[in-house]
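One chain, subunit A, appears in both complexes that follow, with subunit B as partner in the first and subunit C in the second.
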Partner chain A sequence: MEGTTAESELIIVNTLGLHARPAAKLVQTALPFKSDIYIRLNSHRVNAKSIMGLLTLAAAQGSRLQVTCTGPDAEQALEAIRALVDSGFGEETWK
Partner chain B sequence: MDTQNLPVNRKQSIPVARLLDRMSEELEFEVIGGYQGIGRPVLISDVNRPGLALSGYLDYFANDRVQILGNTEIHYMEQLSSALIQRRLENMFSFEIPAFVLSRDLRPRAIFLDMCNRMGIPVLRSRRSTDEVISRIIVFLAEEFSPETIVHGTALDCYGVGCLIVGAPGVGKSETALELVERGHRLVADDVVTLRRRREDNIYAETSPVIEHHMEIRGIGIIDVKSVYGVGRVRNSKRIGMVIELEEWNATAAYDRTGLIDEYVTVLGVKIPILLIPVRPGRNIAIIVEVAALNYRLKELGVHPAQQLNQRLMNLMSDEDA
Partner chain C sequence: MEIALRGIGVSPGIAIGHALTFNVQNLDVPKYHVEDSAAELARFDRAIAAVHRDLKRIYDQTARELGAHHAAIIQTHIIMATDMTLRQDIQDRLEAEKVNVEYVVDDLIAKYSTIIENTDDPQFRERTSDLLDVGTRILSKLLNTELDSLARLEHPCVIVSHDLTPSDTANIDTVNALGIATDVSGPTSHTAILARALEIPAVVGLKYVGTHTLPGDMIVVDGTTGYVYIRPSENTLTKYAKEKSRQEEERRALLLVERDTPSQTTDGHVIPTLANIELPVELPHCRKAGAQGVGLYRTEYLFLNRSALPTEEEQYQAYAQVAASMESLPVTIRTLDIGGDKFAHFMSGPKEANPQLGWRAIRFCLERPDIFKAQLRALLRASIKGNIQIMFPMISGIEELDRAKVVLNEVRADLERRSIPFKKDIKLGSMIEVPAAISIADLLAKECDFFSIGTNDLIQYSLAVDRVNERIAHMYEPAHPGVLRMIQHAVRAAKAAKIPCSICGEMAGDPLFTELLLGLGVDSLSMSAVGLPVVRAEIASTSLTQAKRLAKRVLGMRTGEDVRRMLTQRYRGRRAMEIYLSHIENRPPAQAT
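Up next is the complex of A and B:
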């Protein structure tokens, strides 16, 4: 896809990890952006616009996700996802 | 479909412990020596029978493979003098060897086991025949070392043809899959499809062990196809015969109107036929996928409808000329 690439490592901070509800929020956040958004955990890479994909990551608290956005709105997409993940998806976070 | 930039996972090595763990049930392995070396890496998906190495010929010794000892090797070792076998084994063990596997519940010479224990080379023993042990280990290792990747798409068995449906998020892959399942076809995986290359030129789609046959349908949420439609509508793996790429209808794009030219996409180094299907409201994609699968089967049987029609037309025109 044309455009720029933005990449960053994000850490899952909420206690329950990336379960179904946070995954749904992440998809909702990613979907409006035109960019291709991929999330990688170790050697496992999935599309951030797919709930089932995110669930297969089984990303527990403390997991380091490599987020790669490519496209015309890559920077904005990455910032939106960063804000969501850093907020712990509005769930309880570990002190 | 962008298949060039897929991250490919391929194991560089597996520990002997994994071979033991995964093959224990099939081959009834017991470890009879060299326990401490159980973490040794196996780097190559092949085995070797070290008969020539035991007889002293070590040029081209395939030391980096799992070494299989059958009747021949064990009985050959038995008739050597202690001093000679010690020297031969010492020479052999100067190479890095991942593990020994004995078949037929064979009992090796004490000196062999002593040396394996000292060097930390695991010795596994099975009750099965040598050819059985060899073929199963080779199949297992080939599977372990096969390259795999994950694609965002849906895989189904449609009339016996493995179809991989890909396309942008929201284009209707899951809905198409659901309708195909409803029509009696089988789901392999939705959203997250693991593709694995087997036997050089076959690509298999596999179900993810985490999500199995669950799928997400917008507006409903997560459903389990196996529970809703039954076990007859799912399967865990299927060889992919064709790729179907769904695309929002684009008035300016030139879609294939004749089917005379076969397009291919390369996945993990294997060429697979691909069809680009435009989607727009009112177009029943499931039926189009069904027809594509049946047409694929016809072509596999050597019948190419588009070419045949064209040939008939050309014959007709040349008759008129005459």
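Up next is the complex of A and C:
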């Protein structure tokens, strides 16, 4: 795809990890962007616009996700996802 | 052969009917060869469109009736059903394997959940229920079974299930669902709360009801005692049919009697009867039953069955809605009583050996000022919408009340600084449920605007009996002289300080105790809405003078058994008189010959 690539490591901070509801929020955040967005955890790489993919990552609290956005709005997409993940998806982050 | 099972009765009343088994694990998925994979994919797309339509409807309904938070999970299900990976995986496998689509869907969902379940994190292993819920919906559409929803039932039936998801329960057909019986879940689950709110008799935690029941089996659900009978004998059936019509008759009659007048004794003393609620969705039932206010709003249900804390705004909306709908009637809102038997994900600290004596209620709130302050701010902001009073749970000493007030004053000062309006003289009360609070009731009364005795915990703590422990559960006895003397002590301290004292435990809703509690000097009674008509009728047939005499006699008795025997006799006597009087009144006038 045309455009730039933006890449960053993000850490899951919410207590319950990337379970159904946060994954749904992530999909909703990713869908409007034109860029391809992939998330890698260890050797497993999934499309951020697919909830089934995100769920099979089974990313618990403390997981380090490698997020790669490629396309015309790669930077904006990465920032939007960063804001969501850093906020703990609006969930409890206390242990 | 009749099978009798005992679970936890979570919504009172009797249901008798044919079972509708709603057991997601028993969907029979066939596998056969299909050459035209494009046609199979088209079937999948149609099924997804139908699921999407259903979920959208459930989403709207849930958002309207229970609020956006409860609806969020349905939104997640929509995203799952319309997932691009799912469709791509299905298309690939249909083309490669040339089999029917329901087989592929079933197999894929199972594979996804295996991957999720095989992680080390136990948090994740329990989290495949949403995925399975969605998978079942899609399969039901493909297999043309109407198992996927309880929204439109063909005929009246009793729902038997391993478990009901929030979306199942939120969606239930309230006309045809006669009762609910499930294998799992407890008194604080969504199923339990909604069943109570919708007045559908329900028993949960039956363990084996799903395995023993066949579709169409006759089944009896007694939500009061927690008994369920599968394929009941002629005897059981007759007995329950009779009891059911007696209860219904009584309830109809009671609802007709002076619903809108305050409950009054025969000698003219007004004893308000109020409702205990858990969710705003219960308000219509409270009004129907003629509640003269909300005596106990258990706010922890806003915090349970979810992964994130409710925001201040969300809490404000709920409190304001309850306050406004009760207009000038009092609404006593209890601050968060979480811990013990109730569990919320975000406070899962180390497992406690003794949660009932552990980090809960006011103890938890004082150590989590972030959570406590958000709730108090929401409460104060909502206070201008009606007649709100604030009650602190599990107070065991003056210092806890002092500290709670310090936090409240900080919140007040902050609201004032921001010119946010709130009721300045909002009333503050203590829940009296720890025996130590009874001993120092005179000291506490000076610092409170009201007392409310929580008899469930008070009995458990003072008799040192865990009601959940079957071997000693029979020792849980509200009529125990030790308990009754404690109630008397608290009421006296309240009277000396000229503050009102109410009762908000299960004892308040048990008509057996109404006369005695009045005699002990209790000012008002608060109970689940379903108990209001009966208790109000009891008050209307009680004389306060006689009740006081009864209380004096009872307080001199030696055992709980003696007390219970005496109360039962008087109760039976009064009911006999009532039936006799109504019989005379309703007798048609003699016909002229």
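Rule of thumb we're sticking to: the second predicted complex is superposed on the first by the 94 of 95 C-alpha atoms of A that agree within 3 Å, B and C clash if a C-alpha of one lies under 4 Å from a C-alpha of the other, contacts with A are read in each partner's own complex, and residues count from 1 in each chain.
We adopt the following convention: a residue touches a chain if its C-beta (ideal position, glycine included) is under 8 Å from a C-beta of that chain, and two chains touch if they have at least 3 such contacts.
If you're wondering where the values come from, they're calculated on a predicted model, not measured in any experiment.
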Which superposed partner A:E91 touches (first subunit B, second subunit C, both, neither): second
Contacts of A:R40 with subunit B and subunit C, given as first, second, both or neither: first
Which of subunit B and subunit C A:I11 touches, first, second, both or neither: neither
Which of subunit B and subunit C A:A60 touches, first, second, both or neither: second
First (subunit B), second (subunit C), both or neither touched by A:H19: second
First (subunit B), second (subunit C), both or neither touched by A:Q28: second
Of subunit C and subunit B, partner touching more subunit A residues: C
Overlap of the subunit B and subunit C footprints on subunit A, listed as residue numbers: 20, 46-47, 49-53, 55-56, 58
List of subunit C residues in touch with subunit A within their complex: 72-73, 75-76, 79-80, 83-86, 89, 112, 115-116, 119-121, 123-124, 127, 130-131, 307-309, 345-346
Contact footprint of subunit A on subunit B as seen in their complex: 7, 9, 150, 152, 169-170, 190-192, 208, 210-211, 214-216, 222
Of subunit A, residues touching subunit C in the complex: 15-17, 19-21, 23-24, 27-28, 46-47, 49-53, 55-56, 58, 60, 89-92, 94
Touching residues on subunit A, where the partner in the complex is subunit B: 20, 31, 40, 43-47, 49-53, 55-56, 58
